[in-house]
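To start, I am sharing the structure in question, which I have written as structure tokens.
Per-chain numbering from 1; labels A, B, C and D assigned in written order.
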Amino acid sequence: MSDTSIMSQMDMTAMANVIDACSACMQACMMCADSMAGMEGMGKCAALCANCADMCDTMMRMMLRPMGMERDSMVAMLEACIAMCRVCRDECSTHMQMSETAAMCATACDACMTACQDMLTAMRNV
Amino acid sequence: MSDTSIMSQMDMTAMANVIDACSACMQACMMCADSMAGMEGMGKCAALCANCADMCDTMMRMMLRPMGMERDSMVAMLEACIAMCRVCRDECSTHMQMSETAAMCATACDACMTACQDMLTAMRNV
Amino acid sequence: MSDTSIMSQMDMTAMANVIDACSACMQACMMCADSMAGMEGMGKCAALCANCADMCDTMMRMMLRPMGMERDSMVAMLEACIAMCRVCRDECSTHMQMSETAAMCATACDACMTACQDMLTAMRNV
Amino acid sequence: MSDTSIMSQMDMTAMANVIDACSACMQACMMCADSMAGMEGMGKCAALCANCADMCDTMMRMMLRPMGMERDSMVAMLEACIAMCRVCRDECSTHMQMSETAAMCATACDACMTACQDMLTAMRNV
């Protein structure tokens, strides 16, 4: 099976969902990182959110380049994005009571994990 | 073991090497993507280089945030970066004869893989 | 007037419009850059789209950091974003007949210019 | 004068200096933003550093795409980068006594301003 066929057989709905979920997650993480920066003891949360924002940005960019659709790198990046979103969600969940921004960030991370997982599942069925 | 101790026990030389190798690889990939984008039939190579540039940029940014040092996300991103660099190196290697930019890109990808692998090894020894 | 007051007096609708327009423009530019890459003679268009995507990404990120709201840097970046979107729109407009992706990109660049211009106007009225 | 000639007449030393200065400034700003994010009351400094890092990253990426070399967008982005580096340098200068990271960041911002200004001067002489 050629690389080109990977693209043509991909679940376009799953791809569109990853793009939308990464875009929303990036924005939520950026705002959460900014909100947490400068609060005493919240430096780790700010850094994890900034890392998650960068990773979602890159994941989205890769999805927006159909010509670069290649299985190994795509699977590895989806798995990395899921790992990062899980860490960020778990961290921000502990601050939900005191921060609406953190609550929104945790929700966006969770949705992004689901979208990436669905994409992985779709790729494994090709 | 706390997250903080992960950072303090990390091999600082390995981290500095990842930062330098990712920075060099990002620059080489950006130039290769630009060069290939103007050549007929080289769209796939251009897209893989652009993906690799974005992933190295994000990997480097994560290394530059000591407060966000967290094992699971870091290991997953290092593995993703290695996978992407391997794909980009393999693609660009096939164009080395006709393009000095591609040759430089393949070399930078290879060095970046090595630096990320060394960092993974160092993390597993903590 | 303190920096904090700049933020509090800002037109929140204008800011939200810039974020949405930059996000849409980044995505359209990414896809157009990928589509153009590898087509004979379209390297310049691909590069301008890639530049515009990166600039819109950065513009959006700055809007998502309320604590970094500072007049001089914000005005200069809005002006740079408008200049870049104009160049990209003018280039992609010339390829609208042959490419639906270029047509979408030109439209997104135009909308982004308008959103950034409205934001500049709102800032000058503060 | 065609766009291609802009590139061929450009001062290659000035371009290489901008790339190096932006790369160094991005790294210094990333580390300063991370360091400040964990300090109470330093949220504004962290956000300005994060903005400056993103802008230097984009400026560097544009320089690494020779095919996208276009006068209006390049001049506007160089001017925006200078404005941002000035704001970040001024902010970080006030924290030099208490933070070596801030001192390094202020120095890197100053060097980046100089490199961008030299590039603008070189472009105006073409």
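Here, contacts are C-beta pairs under 8 Å (C-beta built on N, C-alpha and C of every residue); 3 or more make two chains touch, one makes a residue touch a chain.
All values derive from a computational prediction rather than experimental measurement.
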> More C-beta contacts across C-D or across B-D?
Replying inline: C-D
> Going by the average position of its CA atoms, which chain sits the greatest distance from chain C?
Replying inline: B
>> So the centre of each chain is just the mean of its C-alpha atoms; given that, what is the distance between chain B and chain C in Å?
In response: 28
> Centre to centre, by mean C-alpha position, how many angstrom separate chain B and chain D?
Replying inline: 23
> If you average the Cα atoms of chain C and of chain D to get two centres, how far apart are those centres in Å?
Replying inline: 19
> So which stretches of chain D touch two or more other chains?
Replying inline: 33-34, 37-38, 43-44, 46-47, 50, 57, 61, 65-68
> For the complex, which residues does chain B have touching chain D?
Replying inline: 19, 23, 27, 30-31, 33-35, 37-38, 57, 60-61, 64-68
> For chain C, which residues are in contact with chain B within the complex?
Replying inline: 33-34, 36-44, 46-47, 50
>> Could you list, by residue number, the parts of chain C that touch chain D in their complex?
In response: 3, 43-44, 46-48, 50-51, 54-55, 57-58, 61-62, 65-68, 70, 72-73, 75-77, 79-80, 82-84, 86-87
